[in-house]
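Please go over the structures that come below.
You will see two complexes here that share subunit A, one where it goes with subunit B and one where it goes with subunit C.
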Partner chain A sequence: MPYHTFKCSECIPERAMHAVVKGPGEDLTSCLPLGYLNTIPGTISERGCAFCGAKHVIGAPMKDVIHLCHGPVGCTYDTWHTKRYISDNDNNQLKYAWATDVKEKNVVFGAEKLLKKTIIDTFKAQPHLKRMTIYQTCATALIGDDMDAVAREVMEELGDVDIFVCNAPGFGGPSQSGGHHKINIAWVDQKVGTKEPKIESDYVINYVGDYNIQGDAEIMCDYFHRMGIQVLSTFTGNSTFDELATMHRAHLNVLECARSAEYICNELRVRYGIPRLDIDGFGFDLLNESLMKVAMFFGLEEKAQKIIDEENARWRPELDWYARRLKGKRICLWPGGSKLWHWAHVIEEEMGVKVVSVYSKFGHQGDFEKGVARCSEGALAIDDPNELEALEAMEELKPDIILTGMRPGEVAKKIRIPYLNIHAYHNGPYKGYEGWVRLARDLYNAIYSPMYQLAAIDISKDEIPLERGFRSRRMISDVTLSPEEANVEGEHPYTGEYDNVTRLRTKVYPELEAQRAKHQEAAEEVLVPAK
Partner chain B sequence: MDETMKEKIEILADYIMHRCLWQFHSRAWDRERQNAQILGVAKQLLLGEEPDLSTPELKCYWLDGFHLAKGFRQRFDWVNQMSKEELATLMDGLKERVDYLTIHGSLNKELTVAAY
Partner chain C sequence: MGDTKFCELKPKDRAGVINPIFTCQPAGAQYASIGVKDCTAIVHGGQGCVMFVRLLFGQQFKENFDIASSSLHEDGAVFGATKRVEDAVDVLLMRYPEVKVVPIITTCSTEIIGDDIDGVVTKLNKGLLKQKYAGREVHLIPMHTPSFTGSMITGYDLAVKDFVEHFAKKTEPNGKLNLLTGWVNPGDVTALKHLLAEMQVDATVLFEIENFDSPLMPDKSAVSHGDTTIEDLQGTANAIGTLALNRYEGAQAAQYLKSEFDVPAIIGPTPIGIRNTDIFLKNVSAMTGKPIPRSLVEERGRAVDAIVDLSHMFFADKKVAIYGNPDLVIGLAEFCLDMEMKPVLLLLGDDNPSYKNDPRIKALQENVDYKMEIITNADIMDLESRIKNKEVELDLILGHSKGRWTSIDNGVPMVRVGFPTFDRAGGYRHPVVGYAGAIWLAEQMANTIFTDMEYKRNKEWILNVW
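Right after this comes the complex of A and B.
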């Protein structure tokens, strides 16, 4: 077995099977770390809790909802807007956070009265919002507060509000992934099927497992709308409460992050017969195929091909410019969950980089199967690494950049390894054709940042090279390229806009408009039968 | 099965592992269904047969099977040179190999968890 033991974890024998190196000839029957197990005492995990997985990842991107934590105020602050899941309603869900602020007396005497009062107060404070999610936390779960009963009572009293109860306290699983599971099932149990959508197209999908980080979901919906496809809901980025309650009417569930949202797709398949199609929204080649698959389900191949041709022609030369300069750069791909497998292979194929390590804090073994299968020989796969292990990996592997979240990313910066935030993104969206170029641009900017050249100088002992001036990124990156390679006709750095999402919100889609008109006409004929 | 056929099966299995996601559903029973349906459609298409598209579920399997067969033909020219008998042997062997990698030989302990 190709297990890897970190020196720093020799004193924690339970970590022995949590890291593997994919050696020559290894496959999934010999090379797979353990995953999604309870955190081992003695290893300081960087994981989130089940509450965080339910609220911070999946619940909170819903845009027209009051997100109320039933618990101490810290749970609320620590899951408030550190992930940039934007929306087209002025980012309501990022601006406001609500808590019952449970105290000792509530733990002793119960917090249900406090919960009811807070629900009513928050609806009064934001009278334009009529939808709410209440999130259970550890403290209120342990004292046994019946949130469902309180929610029912308030809904009866107020009449015009709808409340979703998410019962995923922090201890409800080994990691945030336990919360993903709980909120998926709770949503399909409580809300799916309680509203009916206005069907406006012959082609109707749910786009599932995308949280609209810096506009990712809006980019993908642009492609679908250009084909005339109606997106009933995006689970859950930039979606409304009521849109998500209509998921049962889609013809197809298009699934992006299977880690966080496969549960609802599986349930919708069993309960409503809606098939599940797993796709890749990252990387030109995989995205080409993914869009074509969705199109083929509805017989829209020509429309998809037009989009694929246009987007590839527009963005490929810019991707190639960066790929030429990123070739051979060593990266640690240390995301949360799905980018582990979405990127492991295609980033090597299309940007020329070498993935030397993959990890996930909360991934299941199924996620590592995808990641290990897709990454190249020699890659180190780690489940739930602690900070010391991550440092040791960086010292051994000597990567040029770490792709990860804020906490490990800031650690990497301390040892002068640049990091790119691929949870909340640096300058995303990274999805779609243009997004993939933006990712390449951000990788290039980070790896060749002149700051890292300057920061590497120890002014207490190193000689300062006074004979040489400041070196720009281009001077650093192009030094190994021949003049021909550096100046390939047509290739150039990114030329897109700073904000490539906002304009989509007012864009007119002729194919979708035609579908709407057709369905409107059909509806009118039903209302006024022809004589 | 001769060594050449085994090598070809390994190449195609490697292609699936690097490119596809459908073989990695959560549970063993789920994977058995996915592998049988999608590799079944790909085999039918390679043999020139018409797959059944009569339900949304079958149509969805066809999407993945279609792109798999297309990818095989585009990237591995030797697939285009094979007889129908050889293709049937190839795809049966591939199904057995993918089942082994993702189900029977898998180290994934969650595959047999009863709860979904």
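Right after this comes the complex of A and C.
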């Protein structure tokens, strides 16, 4: 087994099997780190808790819901303002954070009364919101409040509200992943099947495992709508509570982030017979394949091909412009979970970069199976990385950029390695064809930032060129290109808009309109039987 | 005047919280811990209690700070998790040879399951530290900060006291002043140290956090960390006096030093604005016997000069709402009054019962001649709902970034001040204390109002001549 031992972790033998280097000719049978085991205390791991996996990752993107955390105030406060999951209803879910604010006396005597009063007061304070999720936290799990009973009581009393209960305390599992699992199952147990959708198309899907980071889900729905497919819900980005309660009526579950949302797809398959189709929304070729896969299920290949042709023609020249300049750049692909396998090979193939390391904070061994299988030789794969290991890896691998979260990005900054935020994104969305170009653009901008060149200069001893008061990115990136390479006919940098999502919200989709009209007609025929 | 009905002090009248002003106790203790050199705290609880607090600090300073977790999982929650603290201490010490100070910060979960942290520390002191780490200076400091008590403010206050209580040791008088800054930014520490330097006063600053604003160095050598040393903390018992600038953030430590070592203490006022900075300097002068030099008279004059240009032309009678840390909120309100503004709504984010005895709040109640509300246990919804229901009409909000949408959605301009400020660049670099802070605050307020006037086309022409 080609396990990699970090010098900084030699003293903790428990870490021995958590990192591997994929050697020549090696595959999963010989090269797979352990995954999803309890964290070693004191390592300064990057992991969060199960509560945040449930509330912050999956629950909170639901856009018309009061996300009430039942516990002390910190759980809700600390997970507020940490993500960019937008919505088309003025970002209600970004603006508010709710808690019962449990105090000592509640811990001693129980906090169910406080919970009930808070639910009622909160609905009263924000009367336009009629849906609520209540999240258990460590404190209220330990004191044993019966949140389900309180929720049932309030629903009966108020009549017009619907409350979902999520029991995923922070300590429930090695990482956020424990919470992903719990909220998936709780949703399908409690809410799926309680509402009926209006079916408006012959082709009906749920788009699952997309949290609409900077508009990802809206970009994907644009493609589906162009094919005439009705999207009942996106689990959970930009979706309403009631939309997600109708998931049982879809013909197909199209699954993006299998790490966080495969559970609900599997349950929907078992309970309602809805098939699961895994896709990749990132990368041109993968997206081509993915759209075609969805189309083939419904017999919509021609429509998919039209989108694929249009999008590739529009955006490929821009991607190629960046790829030419990103060729050979070394990247550490250090996401939370699924992007390690979503991106590992396609970013190499389409942008020419070299993925020198992948890591995952909360991935399971299954994610490493997919990730290690997809990444190329020599890549260092790390499970549950910690601060020192990440630093050691950066010193050793000398990446040109790391793709990770905001805080580890600040660690990298100090050793003069730029970072790109791939949890919340720099300037996303990164999904879709245009999104992939935006990612390439952001990579290019970071790697060729004149500021990082300046950061390397020590004015006390280094010679500095005195003839020019600036360097543009282009002046740095194009020095290694021949004039022909630098000016390929048709290739050019990104020309899209700063905001490429908002306009989709008012877009008209003829294929979907046609489907709607057809179903409307059919419904009217049922209502007025022919004489 | 003198009629108390104008200014009401009352708690929020809704159960639960919508948009909290503060986070919980462990975060406050963690903030204190990063101010100490060679110190890495272990938070005993779920991983989120650390992960997201580190992210919060990261967002505030755009820097990384190291804090460890005992990573409480299900088995620990059921069977007790003291072993995980032992493991965490060992793993941390093995891999971070420079670490000398390890606060062990509890959370709601580990307080409820009743893990005996003090017992663990005793056990480790007698065992692991004596054997495996013999010869290495290591201080384990238990800090009890259950999240269901107090707030991040009391957590900070408690941690400062715990640090001082652990280290302070009476030896020889050191002629220094203890300066307990409270929960401030690097820019504030710089401003305070500047004032003391002008007074030729040598001070032990708790905490030395100027380096939270650390450079990006060509040799990759810099990282952000606190610079208050063990020696600094030990020496607090030998000071000529303690100035705790904030009543709610650091005062406990000042009182401890007074009762335990007879170190004279002055608590407050928070030196925000001209008047409170004046009192601060007079207090420094009284404690050290050093005169206030002409240079500070000039510096003060520059601040007054700048504000006089703004106050009666632009600030007079402007209605302001202020939320955030209590000493900050009260200090800002006092400064606003001096600048002829009307702070109409003060929101204090926790239920500290001693607010009603705060002489500054009493003074507001006794002297304010217009309708003013001071809400305790408040949240940002208390602000938003009053704006939406037209119970207050505001010209300006002073508060931290968590209230950004209240400002954006209701069209009330807002100056970002306090913790956390993540939606404006460089907030941590600018002081709110001292004369420099007075200038920065006044000019930020003015420029924010000016921009709003232009954006709303509200007498924007007035600035055609100024």
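Here is the rule we go by: the second predicted complex is superposed on the first by the 519 of 531 C-alpha atoms of A that agree within 3 Å, B and C clash if a C-alpha of one lies under 4 Å from a C-alpha of the other, contacts with A are read in each partner's own complex, and residues count from 1 in each chain.
The working rule: a contact is a pair of C-beta atoms (placed from the backbone, for glycine too) under 8 Å apart; a residue touches a chain by one contact, two chains touch by 3 or more.
Worth saying up front: this structure is predicted, and the values here are computed from it rather than measured.
**Q** Return first, second, both or neither, reflecting whether A:R152 touches subunit B, subunit C, both chains, or no partner chain.
**A** In the superposition, A:R152 contacts neither subunit B nor subunit C.
**Q** Which partner does A:K507 contact after superposing on A: first (subunit B), second (subunit C), both, neither?
**A** It touches nothing on subunit B or subunit C.
**Q** Between subunit B (first) and subunit C (second), which does A:R471 come into contact with in this model arrangement: first, second, both, or neither?
**A** Neither partner.
**Q** Touch check for A:K306: first (subunit B), second (subunit C), both, or neither?
**A** Touch partners of A:K306: none, neither subunit B nor subunit C.
**Q** Subunit A residues in contact: does subunit B have more, or subunit C?
**A** Of subunit B and subunit C, the partner in contact with more residues of subunit A is C.
**Q** Looking at A:T43 after the superposition, I want to know if it touches subunit B, subunit C, both of them or none. Which is it: first, second, both, neither?
**A** The answer is second: A:T43 touches subunit C but not subunit B.
**Q** With the two structures laid over each other on chain A, which partner does A:R271 touch: subunit B (first), subunit C (second), both, or neither?
**A** neither
**Q** Tell me the contact category for A:E369 with respect to subunit B and subunit C: first, second, both or neither.
**A** In the superposition, A:E369 contacts subunit B only.
**Q** Quick one: classify A:K398 as touching subunit B (first), subunit C (second), both or neither.
**A** Neither partner.
**Q** Common interface residues of subunit A with subunit B and subunit C?
**A** After superposing on chain A, no subunit A residue contacts both subunit B and subunit C.
**Q** Considering the complex alone, what residue numbers of subunit A touch subunit C?
**A** Touching subunit C: residues 8-9, 11-12, 38-52, 68, 71-82, 94-104, 106-107, 114, 117-122, 124-126, 137-139, 141-143, 169-175, 387-388, 405-408, 410-411, 413-416, 455-458, 462 of subunit A.
**Q** Which residues of subunit A touch subunit B once you look at their complex with the stated criterion?
**A** 27-30, 32, 34, 36, 251-252, 258, 262-263, 266, 269, 273-280, 286, 289, 292-293, 296-297, 341, 345, 364-366, 369-370, 373-374
**Q** Show which residues of subunit C lie in contact with subunit A when the two form their complex.
**A** 14-20, 22-27, 40, 42, 45-49, 51-56, 58-59, 62-64, 66-77, 84-85, 87-92, 94-96, 107-109, 112-113, 146-149, 151-152, 214, 216-220, 222-223, 351, 381, 385, 401-402, 405, 409, 422
**Q** Provide the residue numbers of subunit B that touch subunit A in the complex, in ascending order.
**A** Going through subunit B, the ones touching subunit A are 17-19, 21-22, 24-26, 56-57, 59-60, 63-64, 66-67, 100-102, 105-110, 116.
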